[in-house]
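Here it is: the structure, laid out below.
Each chain gets a letter, A, B, C and D, in the order it is written, and its residues are counted from 1.
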Amino acid sequence: MSITLKLIWAFISLGVVTVWGLTLNGIVQKIFARVQGRLGPPVWQPFIDIIKNNAKRTAITHGIMFYLGPVFRIAGGIGTYMFIPVIFGSVYFSNFSMSGDVLLVMYFIFFGQLGMALGAGEGGHPYSAVAVSRGLAQMTAFEVPFALSVISLVAQYGTLNITEIIAAQQGGFLQWTLFTNPLAVIAAMISMLGMNMYNPFSVVIAPQEIPIGPPTEYHSSFLGMLATNRGIFAGAKLILFMNLFFGGATNLFSLMLKTFWIYMFSVFVGAAYPRFRTEDSIRFFLKYPTAIGIISILLFTL
Amino acid sequence: MNDINDTIIPEPVPEYPDWRKDAKTLTNAGLSEEEQDWFCDARPQPAKKSWQVMENFLNWARSNSLWILAFGTGCGAIELRPLITARYDISRLGMQPRPTPRQASVFMIGGYVSIKTLKRIVRSYEQMQGPKFVVAVCSCAINGGMYWDSYNTVKRIDEYIPVDVYVTGCMPRPEAVLAGFSKLKELIKGGKAEGQNLYAEKFDWYKENQKRVIKDWNMPDYNW
Amino acid sequence: MENLYPPIVDGKSVYDLNSQKYLKMWHGPQHPGVTGNMSLELDICGDQVIKCNTHVGYLHRGFEKLMERRRYINCFPIVCRICVPEPDTNEYLFAAAMEDLMGIEIPERAKWLRTLNLELSRLASFLMWIGGQSGAFGMGTVAQWTMAHRDFVLDLFEEWTGARIYHMYTIPGGVRGDLPEGWDKRAEKTIAAVHKLLDEINYVMLNNAIFKQRAVGLGVITPEMVDAYGVVGPNARCCGLQRDIRKDQPYLIYDQLDFIIETETAGDAYSRTVVRWKEMYQSIALIRQILAKMPRSGALHATLPNVLHLKIPKGQTYLRAESTRGEYGYFMVSDGSAFPRKVTVRGPSYTHAMALLEDLAVGVNIADLPGLMVSLHTYPPEIER
Amino acid sequence: MKKLYDILSLQFELADFESKRSDLAFCKVKASQAISLLTHLRDIHGYTHLVMLTCVDWLEDKQFQLTYLLHNYATKTDLGILVFIDRDHPVMDSLHHLWKQGRVYQRELHEMFGIDFPGSPGVEEPMILEGWQGPPPMRRDFDTKAYSDETYSHRPRVQNEPEQHMKEQLYSED
């Protein structure tokens, strides 16, 4: 397939995943509401919010980096997504998967948050600054178990290509990493709790403590962009986890089913727990999940 | 509902010279000289509406995604809690409390407004991005209520910021507040809730009123 | 790391805000983690608060001035506005202070109804508080549950008195009306639901590892601090002091009821939570007792002269009652005219939120500040009135 | 309570003992002795809890009545110490060193009545009012209604004849 056609298909799949990611966010809000004993917003509420935010008539700026913050964030989201094969075996939905894309994806997960940190810092609000330092500290912490579990996977399958990792997991659900390398999956799933920023790891956007973290000063279409990115980034992360640990998806339906249940994991935990203090959260990530990750590496390298 | 309809439009304000004829910039005289550089001195301008069909669609989106600023300005705030929690749950109507004024679109004035709070209200209101709407809850915000002779509460909030919908009562029940919000939705869909533009057009009148009661004005004239 | 923090000279930390090591931050009034409309002016170093100043006055309406301009009966609609989540204590105390000055004895049945009113409003206020406490640590689920149950308690109030928030049920000389028919059964149903919720809160909140991790050791009040700062109520009981006005100086019919003073010993935010959680059980038990023992017939209020021309003999008195936050007091001075000379309200939040919080906040992580603030259970309107 | 009053009278110049209830009494003391009396009560007689400090404005007598209300947790009794100070030059000794919350009460009294407490930390800072330019608002001679009328504009009242109004509302077509 020519690179142009590939690009077009990549953007079509980007649209699909954005819609699915936003719908997932809507479903998650609904589930949270049901746990709390109320009806909750409609599932399509995230779409209306994005339209409204983009339709704001005024917007102010705090400088050039302030503009670039959401741009970096959304670039991080798209970048993460572009290198993940969405549907295994599909010519159209494989994006730009190539050898070594695991490393690229891990870099892009970092990239968006760093860009956001720069932009939010320019906003000048003290809560933004506090939240940025919290966010970066926590991100550094949850990347450790995630990186360890990816290294364990690389050692297990002997490749850095996501498509090949999926290929190695084909042939029945017992071939999934979940069953062949459970320790790595546990470490990665715990770090996903931190990545999704639900309780108990919601220290970055803690509304009662630092309302509401880095986006305190973001509004109008900036916020619309950030909200869109929530869809893309959530979708990309879930697809990555599905590919790495749950055997990938061979069609759109199984993709939806699997990503939904992976997301539900962080929702179940999030609805039942209060929030960690930042230092406790870092301490937690560097304790149990890291140990589990190291053990899983040792199992596959020794 | 007729009564609400009558009170939506604020009292006729005295004719004030068109803002364009005045000086183009604000003086920010309340600030010290070094602080004056930190703040914008441009005046707010009435926003232009876009193409009608588009505007109708956007108004529909606006009315279905009302984000309330989580600022409990008075005792009316106590009824905001049942509203956002399980019993009345306004999130099913697309509303949610928002902790920062930058992202909020509805300001709920909960009852009486003391001078110290009025200063924060003005500041928060101006930091909200338009189109922005104000719902004044409780009779104290409308005419002073039972604090009609108090030295520290303002009697009419619509002299200081434009109000779209009033909800009467002390306390108004959550159902009444909900009815107020549905009225606001109707107004937004009809394109009648243009408090932001009213504020920009009558900017000098509002500023004059604000400065008359806020004696120590140590903030910029318009908080962009 | 040690030298990052400012040096301490004469018990006060000395630092230069312009040295760019420290950050000045305003916590409120427009902040969802602050209890009501008040603000904290914080100087922080890293994540730690090194100085805290409480700013109040955002809700000042000048009640004490307004009351001087109003007849005694006209004061009734405004006294309950002093404390929004628990207005009944104000109504009772104002009425009781008037009765004390006039020397009126109220009928037995009115005493029971007033006690029931006070206990039910204590329960509603505690339910709201426990939602705030869990919400301050990011646990929205419990907050949603308790707020919904508080609303059911407010429904009982509405059926009984006609209003959800400001009941104005207690009038000088007695109470305004009887319980509606069948109210007991509905009350029992609601109370049973609250009882069940409290059991659940024990599992979800009090035994939650993260909640414990955050609340244990936060904002410790020692018994020595209690008298030095004028700490009252659950905040004093959390460090082991058996102080409850309902037992010490029983008012209404509390001496005929059977309950215990709940105490804890640690004095931190967690033990304050536990004390209040246990007190909610006591409130429920009290309401059940009152409903079982209450006389069902008799006068509801004593006969008073025409209240519009009511003149109260010259004198002064102080009345106190146990609210959810502790000692609530009314000091009333009458000069013999139809208008009160001076009514001073002693709100328990006055000392908790001003003097105590400013000292407890020092050294606390800013993440824990909302939790600390809520655990002191302060309502700003009773500070500035 | 009377017994305590008799013991205290040996040391301090007390007057006008008034027993309100069995657990509440008031007595007057000279302003210069007030703080030492409070210290004495706190340290010797167990009145460890400062319930409140408030002021009553006796405009006719040109006096402020400061009321220090103390509570004894052991005997469960209250003692109100009344101190009368000159209304034109209201100065009183500070008690911030006895109770920590004392400075907050004194800050409020300074703002609301204009009473000066030299030495009390932060007593000059505005606590409740912001940018207040009038006289201290809780004094009797400050007229809150006149102030409110001249500072704020009231919403004009529309008064309808009920019968006529309802007729117009309901049967306007006729």
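What we mean here is this: contacts are C-beta pairs under 8 Å (C-beta built on N, C-alpha and C of every residue); 3 or more make two chains touch, one makes a residue touch a chain.
Because the structure is a prediction, the values reported are computed rather than measured.
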Comparison of A-C and B-D by number of C-beta pairs in contact, larger one: A-C
Cα-centroid distance, subunit A relative to subunit C, in whole angstrom: 43
Centre-of-Cα separation between subunit D and subunit B, whole angstrom: 36
Separation of mean Cα positions, subunit D and subunit A [Å, integer]: 59
Centre distance in Å when subunit B and subunit C are each reduced to the mean of their C-alpha atoms: 31
Residue numbers of subunit B (touch at least two other chains): 70, 85-86, 99, 116, 149-152
Multi-chain contact sites of subunit D, meaning residues that touch two or more partners: 128-130, 137, 142, 144-145
Contacts with 2+ other chains: residues of subunit A: 36-38, 207, 211
Topology of the chain contact graph, where touching chains are joined (line, ring, star, complete, other): other
Pairs of chains in contact (touch as defined earlier), listed by label: A-B, A-C, B-C, B-D, C-D
Contact footprint of subunit C on subunit A as seen in their complex: 32, 35-38, 126-127, 129-130, 199-200, 202-203, 206-211, 271-280
Residue ranges of subunit D touching subunit B (in the complex, touch as defined): 128-134, 137, 142, 144-145, 147-148, 151-156
Partner subunit D, residues of subunit B touching it in the complex: 11, 115-116, 119, 142-144, 148-152, 154-156, 159, 212-216
Residues of subunit B touching subunit C in the complex: 69-75, 77-79, 81-82, 85-87, 97, 99, 101, 112, 114, 116-117, 120, 124, 146-147, 149-153, 170-171, 173
List of subunit A residues in touch with subunit B within their complex: 29, 33, 36-42, 45, 48-49, 51-53, 55-60, 207, 211-212, 215-220, 223
